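The data blocks that follow each hold one structure.
Both of the next two complexes hold chain A, though its partner changes from chain B to chain C.
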Partner chain A sequence: MATHQVVEADVLVKDREGIHLRNAAALVRAAAQFPKADLMISKDGHQVNGKSIMGVLTLVAEHGAQLHLKARGEEADKLIATLVAMFENGTDQ
Partner chain B sequence: MHKASDSPVDPRLPPIEPATLTPHGHCRIVLTGIAGSPGVAYGPVYLHAGADVWVDNRPIPSEAVESEIARFIAALAAVVEEKRELKRRAEREIGTAQGQIFESHIMLLEDADAIAQTVECVRASKKNVAYCYFVTLQRVIDTIVGTGSYEYLRDRVVDIEDVRAAVLMKLRGAEPQGLDKLEDVSVVVAHSLTPSDTARMEASKVVGFVTDRGGPTSHASILARSMGIPAVVGCQGASVTISPGEMAVVNGFTGEVYVEPDEVLREQIAQWKQQLEQRARRLLEISRLPSQTRDGRRIRLELNIELDSEIQRTAELASDGVGLFRTEFLFLSSDEWPTEEEQYAVYRHLAEAFGGRPVTIRTMDIGGDKLCRKLHVTPEMNPFLGWRAIRISLAQPELFGVQLRAILRASAHGNVQMMFPMISSVEELDQALMILGQAKEALRRNGTPFNDSMPVGVMIETPAAVMIGDALAKKAAFFSIGTNDLIQYALAVDRDNQRVAKLFDMFHPAVLRLIHAAVKAGHLARIPVEVCGEMAHVPLGALLLVGLGVDALSMAPGSIPEIRRIIRGITFAEVKEVARAALDSVSGEEVRRNLERAAADFGLDIGVES
Partner chain C sequence: MHGQRLLLELLAGKAGTWRRIFSAEPHRPSLPLTGFVDLYTFDRAQVLGNTELLYLRQMDPKSRYEALYIIFQFELPCVIITNAYEVFPELIQLAEEREIPLLRTSLSTARFVHHYVAALDFDFAPQTTVHGTLVDVYGVGLLLTGRSGIGKSEIALDLVERGHRLVADDVVHLRRQRRVLMAEANRLLGFNIEVRGIGILDVERLFGIRAIRARKRVELQVLLTPWDGAEDYERTGLDDERSAILGVEIPLVRLPIFPGKNVTVICETIAMNHLLKVRGYNAAEVLSNRLTSELSKASETAPRPSNLSDLDAT
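Up next, the complex of A and B:
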């Protein structure tokens, strides 16, 4: 069991409105499906807990922002894959 | 001045001013703001928790720490429950998008980091939990505000503030009602009222508004006037000075609020209300008479309205139709754009309710102070000089097409006209007309009925539009002057900035010359010119506009009887002279003085509302 695997990815915020309340909620909800993995998201050196909606909102990720995702723990790979897919398709679904 | 004596009805009325009113010393406190909507209301206060919530910062004894934390957890759970209920209700009544907002609110409430930080703050600082929660979320808000641009953030921060306010109210033991579930008839006191607050408001339960912010042309004022309820705006500190459940008198004539009046003052208010009701009855009598000057010039009096729920009620009033049907509410009251069918249903209702009378639908005028979550996501330094009204419509031709098709379809059911807001060039008008042509073509292909010769007018709101009035008039069926915007663009004054609001002067000779030029350009092309701005409902403004040759005045329903009375008391020949002199005046003050003198010569008492 790869308990302590660390998986990272860079993503781009494609939504024209950036990350707002509704898609922040969607991201946090997606991340919550992997309860045994931690998620940190950073932008320009500012790092937040990706499982906290308040944290994600304080990223102030506007359209075109580059984010770095870093997950650690069980199913970290699946967590990152899920989020990368969300960012690919635009997070505001 | 010569006075004609053929007026069949005495234009004099019971006065607006109360016989006696001595608020000082007869209530807990007198607050002074800006008169937003005339009238006087008395009732219990409903405090609408907006963005700013008062919170005390006090130490708690060590042994109370755990119970303080338990109180917090219970408050969170209770608010989550309320949000769930709101979510169910929103999904049922409005749609899933609206429900999602509450879902996000629940996530904010259940945010583990925020809860942990608050609890830690209570343990470490031994401060009350309301204060700790307040500062925890304030850190989040400050981070967001400090990092991003204002426009981007405003909408995001609002939700955090909303959630925080709900929790703080719960901790204080106050019941966090929304304006949508007002149970008693109330005076609504709020820091500010947003269009979405008021869109969800139970209108029959509100007898008056008091807001900390805003001016006479802010959203709350316009809405209050259209509902015919008194309002005091720009009343700084009102929402923290007045407590829920206190009794308050809203004096919408002077812009004062009397909190907790004693028996003496209550009696004076009751008498005043009687006097105003008498006056209203007299005005109603006058409203059955035609709106024409003593020397026979007919001035059309039309309504400015904006809500579907207003249509039925206002259609029963004596008016010449609707001069301005605002459509922004359709676009701002939900997270989803209104569909063609939804819009068509409202416009058709409007057309049918007014029968043969013309109804003028203005295409959406979002922007400026009416920002939309979906469109205004990038910051604008100068929203009033930015992406608004026709500029948005032309940039979003599909969205615009949906609205145009809905209006066209409604034109088959009554006397529908349409106008474009914020036109500042001929190209814009051409483009809008081209998209209109495409919308007609699409309907024609489907065999959908519409009125092919529906009159299409242009709003004159920018000095640019006035300067090219001759060119616009060739392509327009009518002009409608929006005085609020025209004044702010001509005088470069933000009407809601309290430091310069004084400079917002409708009688400034520059403004009068612009209006005069627009009227001339319209009449030269033989098209009618109408005014649908605030100036039309101010008695002295209406008097002057008639003198300037305006054909129709459009205003909030509550102002019609008073303006009808003014028009029936004047002669066109004389106000034309007054207007001519006004164009050559050196200051707005001089114009105002001359207008007051003219009104007095006509024997018209002009109330404090001007």
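Up next, the complex of A and C:
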């Protein structure tokens, strides 16, 4: 059952400069720690693969933007928890 | 060893050819000839050029012998006369007595010193040997490393097939020359490579002279690692990792590989991208700047959520 779980969350981009290239890399690298889960990120109806850095860039997620995270598969809950924590603290560490 | 290149002939003191030179710098013993021997660097090759020889020439044989004896009393590795200058009998006599090799070159002092330093710098350069493969890819010296059996030789073969040039496989001899790293093959191995399942292959015989290169500057290291889905790979190319070999820093690319991945084309691309970067163009930076300007445009036009004031406080 756990392998097909879908976990979702809404997050806010707190980084002053939005998700620029470096933050996007940090994000996809964090997501890559969970190889058996898929991740989609959407903003204003534009949905991308959260493990693709080029996809994440096209969100142009500025400071204050609202993003929707949706993970599916093994450890989807951990993946979402990790990312939510990242967004809480700002993805630029 | 460098006799031919430096146009040297041995005139006397053959019994002293066992003597060793410990510095790539030669010395011109003008002041010692006049009697001042403080701080005399006698352990270097002693070069007698126009100035010294002209000084000695205007002396009578006895004073000349005495002047020369001042330097010949030291354990000189050798004495070299430049410009194919005439040889005084006193020089021959002292060289034989003291068993210090006396050599002569037809090169001018300046040219001789230039070539001498270059030749000895090469001999004295710090050296090391690494387990890896060196291929000249579009003129970029690419050092492939990674654990045994990961496929370095196979990639080299593939690169050679595509027109690139093999420098060394498996055993790469490196030496630091000034601030660059030079690579060459092991003399015994030459351009032979071992491919698992086939055995030893002679790349020069198989692919011809265009497929090999005797020496090449190492400009880039590509570390091949087995693909591990969760590992932290470089994703942007904004931050160059660097590797230090013999104190020379070169960019290091960690390349995760798996069966079916076309590493050859990636290696070519790494080489080409390196050339672009050297010429000042970094694709990651350009894209990053474009994104940054899009982000600032977006934050100006986007309606700010009501709770954003909390964010600003953090």
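The rule is simple: the second predicted complex is superposed on the first by the 92 of 93 C-alpha atoms of A that agree within 3 Å, B and C clash if a C-alpha of one lies under 4 Å from a C-alpha of the other, contacts with A are read in each partner's own complex, and residues count from 1 in each chain.
The working rule: contacts are C-beta pairs under 8 Å (C-beta built on N, C-alpha and C of every residue); 3 or more make two chains touch, one makes a residue touch a chain.
The shown structure was predicted, so the numbers you read here are calculated from the model rather than taken from an experiment.
The superposition on chain A brings chain B into a clash with chain C. Judged by the touch definition given at the top, the superposed model places A:L12 against chain C, while chain B stays out of reach. Residue contacts after overlaying the shared chain place A:E62 against chain B and chain C alike. By the document's definition of touching, of the two partners only chain B reaches A:N49; chain C does not. In the superposition on chain A, A:R72 contacts neither chain B nor chain C. By the touch criterion stated above, A:F34 is placed in contact with chain C alone, chain B being left untouched.
The superposed model built on chain A shows that, among 27-35, 81-89 or 495-503, the segment of chain B colliding with chain C is 81-89. The residues of chain A shared by its contacts with chain B and with chain C are 17-18, 20-22, 24-25, 28-29, 53, 57, 60, 62-63.
Every residue of chain C that touches chain A in the complex is listed here, in rising order: 229-233, 235-236, 238, 284, 287-288, 291-292, 294-296, 298-299, 302, 304-305, 307-308, 311, 314. Contact residues of chain A toward chain B in the complex are 16-18, 20-22, 24-25, 28-29, 46, 49, 51-55, 57-58, 60, 62-63. Residue ranges on chain A touching chain C, taken from their complex, read 12, 14, 17-22, 24-25, 28-29, 32-35, 53, 57, 60-66. Only residues 100-101, 103-104, 107-108, 111-114, 137, 140, 143-144, 147-149, 152-153, 155-156, 159-160, 374, 377-378 of chain B touch chain A when the two sit together in their complex.
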